[in-house]
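The chains carry the letters A, B, C and D, assigned in the order they are written, with residues numbered from 1 in each.
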């Protein structure tokens, strides 16, 4: 019975402590990683007004980690006055998040069809990524809401991967893009990742196939710092900090109690 | 009858397994297409099997309802939601707005909430289990602490060496140990698989008659 | 395992067994790569069912893969029949829960509390739901045995359960429980293979360090 | 439907699941049965549409071969028949055969061969001392752990090599510790997703209500306990 009460107390204090950074935003500074910095400078060094692809690909489960990164990419693209198209190749869930992201950012001066297009989801994963690279109009006929893209001025400028200056991959798995887009077209790419795909993608960053790479929510928070706003990734990192302190504390107290009991 | 009952399944399993394996070893186009046909069939048969699962649930829950066992009201809820979801999904396809509501506003958040429960469970387990009872568990504790300090940005603020040390634990020790476990399990699973194909391990088809 | 089942009998509470989720959602199940570990788990089920029949403990088994339900029913029935206790077998105790990973976990948590299980045995192929299930059983103070070949969930299960079969031990357990000389021979063969593999790796490493590139030959 | 209503539903789901941490209760039970019902319904919809698209459509298009998996799939249901139940073993054998075939393929290729290739190329990490040390650690670790799994050749260890034989076990412990810590990070990010939802959307209004309901529930629970004791 006593063990049960302890467990309940731990759960209660856990949720309270993790809520603290949301109630009182305390921003603990996050040291900047080189791979995040590279991602930022890659976008900064791309000329204003270039055409970018922002790929949003994550399921509802990986959204807490991936969405803030994709959003940061989107914000940065707007700040650099890129013309952009939003795509989704892997997880249809992400289309809703893409719409949410477009509603969240300040699209002042942007006109749909002329400066940006939301293309939505194409099934087929890696094969359609390859098809997109070869011939955009062969794969895509309509945008996310079913409007024909043929009349859109932006889409008339995009025919294949050669017309795209930079790829901002806000997805957890960017390897198909590296094999299908980087390898044949030598495209400039930066990528987001989640906790489990970072290690794999890091080797591609080391071999310079990815020009920059964000390490999950942590990379997202660093990127938000660089852009100068505190968004969801920052919030997640604050919670992460608190939770890790909690875990370390719990292990410490657990051991303390154990050794005290052993002594007696 | 015992041929159909006992021997035929073993032979089919053997044949299918051997075809898939020889497709891996030799690259013949005919073999490749046979192998991919078989895997396709397996996916289709698996899809049929979900009906068995549903029948099992419906059978069990209706028993509860008929016998008015404890919590029979909830069983009614279950049956209604099951057929409701099925009905909306089949008649209105999965893009029907109600289906989207069920999926996006109930199933998806429930999924995420359940996986967030893991964090709670980890917290209480960390308190209870990760204790330096002997040298071995002390090692586990040290590895866990160092990797935690690597993962939390605050670790890097305390001492810049933590990330390097933690990284060494994850990509060094853990990678090595993990590789050993995986190779070992792979060897054992190959042995087990071969025994099934040869019909030495027959328990998978239940009744011995 | 015997210890756990004995405990369940003493307390008069049921034993729970599950092969885990086995990536059922993504066309998994025994017709996929997780099939081997699920099947190996099923062989252990045969042993568990036999023990339960001998001692007279209730055995509840839960599934995320529907195609396992008929198999398990037959395996359990067979075990009860060999102990001449077929009339004690309850078909409603073989339960398909759901193929969605977390719906499966939710169902198990509820089931544990309502049935007040005494022992929880998990042998098969697990995903992230393993911790939920294990900790849910732990809340009841249940005795736990687990075995799996995957490495992502093992550390967590290992921390919580009383006995854990790590990776290969899990497959070997199925052999040990069978007492079949041929199978033991097979196990010995595997061990020889492992010795060979270790020797090969060391030799290959030395050759590579000396500057010969043998990796390209291996990749063929 | 109204957006706020949907947020309320979502918040209720979240709190109902978390309430399990205190105790199994009616709210949790309701959500549990709803969740199972929905998910099984969803799975059925998915499998029916996949049967339709991958078996029935090609069959109608004239590919008669697809009659076989349909018959096999249907014969799974012989399991419910008393006299022909054994026929379900035939589709089962197909599944088992496929599973074993794919499983062995995966084990040989992606595990054994790839891992051993990675293992012998220990200098791939680069040439500085830390990377070299890392490569050696992985190499020693994997071999030691593999050695741990040799069951049948057990030699009674002499005291001098006893510590060396413990090395594999130590490696497993270090591995588990490190992996456990990584799990903590991933799971916390899921939890933080939920917390951000609760604190930053309209769901914030449900927090006080939930707290009150929880408190009442706990009080009721304790009260009932006391009454029983008397």
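Odds and ends about this structure:
Methods note: contacts are C-beta pairs under 8 Å (C-beta built on N, C-alpha and C of every residue); 3 or more make two chains touch, one makes a residue touch a chain.
Since we're looking at a predicted model, the values are computed, not measured.
Chain centre most remote from that of subunit B: A (centre = mean of CA atoms).
Set against one another, B-C and A-B show the most C-beta pairs in contact at B-C.
Computed from the mean C-alpha positions, the centre of subunit C lies at a distance of 13 Å from the centre of subunit D. Chain centres here are Cα averages; for subunit A and subunit B they lie 27 Å apart.
Between the Cα centres of subunit A and subunit D there is a gap of 24 Å.
Touching of two or more other chains is recorded for residues 17-18, 20-21, 29, 31-32, 35-36, 38-40, 42-43, 76, 79, 92, 94-96, 98-100, 102-104, 107, 112, 116, 119, 139, 142-143, 146, 149, 172, 175-177, 179-180, 182-185, 188, 190-191, 193 of subunit D. Looking at subunit A, one finds that residues 7, 11, 15, 61, 64, 240, 243-244, 247 touch two or more other chains. In subunit B, the positions touching at least two other chains are 42-43, 45-47, 49-54, 57, 71, 107, 109-112, 114-115, 117-120, 122, 124, 126, 130, 140-141, 144-145, 148, 151, 171, 178, 181-185, 187-189, 193-194, 196, 204-205, 207. Across the interface of their complex, subunit D is touched by residues 8, 11, 15, 18-19, 22-23, 61, 63-65, 195-196, 216-217, 232, 235-236, 239-240, 243-244, 247 of subunit A. For subunit D in complex with subunit B, the touching residues are 1, 6, 9-10, 13-14, 17-18, 20-21, 29-51, 54-55, 65-66, 68-70, 72-74, 76-77, 79-80, 86-87, 89-105, 107-109, 111-112, 115-116, 118-119, 130, 133-134, 137-146, 148-149, 168-185, 187-188, 190-191, 193-194, 197. Contacts from subunit C toward subunit B in the complex involve residues 27, 29, 31-32, 36-37, 39-40, 42-43, 46, 63, 65-67, 69-71, 73-75, 77-78, 92, 94-97, 99-103, 105-106, 114, 128, 131-132, 135, 138, 149, 151, 154, 156, 159-160, 166-168, 170-172, 174, 180, 182-183, 186-187, 189-190, 193-194, 197.
Note for the complex: subunit B touches subunit D at residues 4-5, 8-21, 24, 37-55, 57, 71, 74-75, 77-86, 89-90, 94, 97, 101-103, 105-107, 109-110, 112-120, 122, 126, 130, 135-137, 139-148, 151, 164, 168-190, 193-194, 196-197, 204-205, 207. Residues of subunit B touching subunit C in their complex: 42-43, 45-47, 49-54, 56-57, 59-60, 63, 70-71, 107, 110-111, 114-115, 117-118, 121-122, 124-125, 129-130, 140, 178, 181-185, 187-189, 191-196, 200-201, 203-208.
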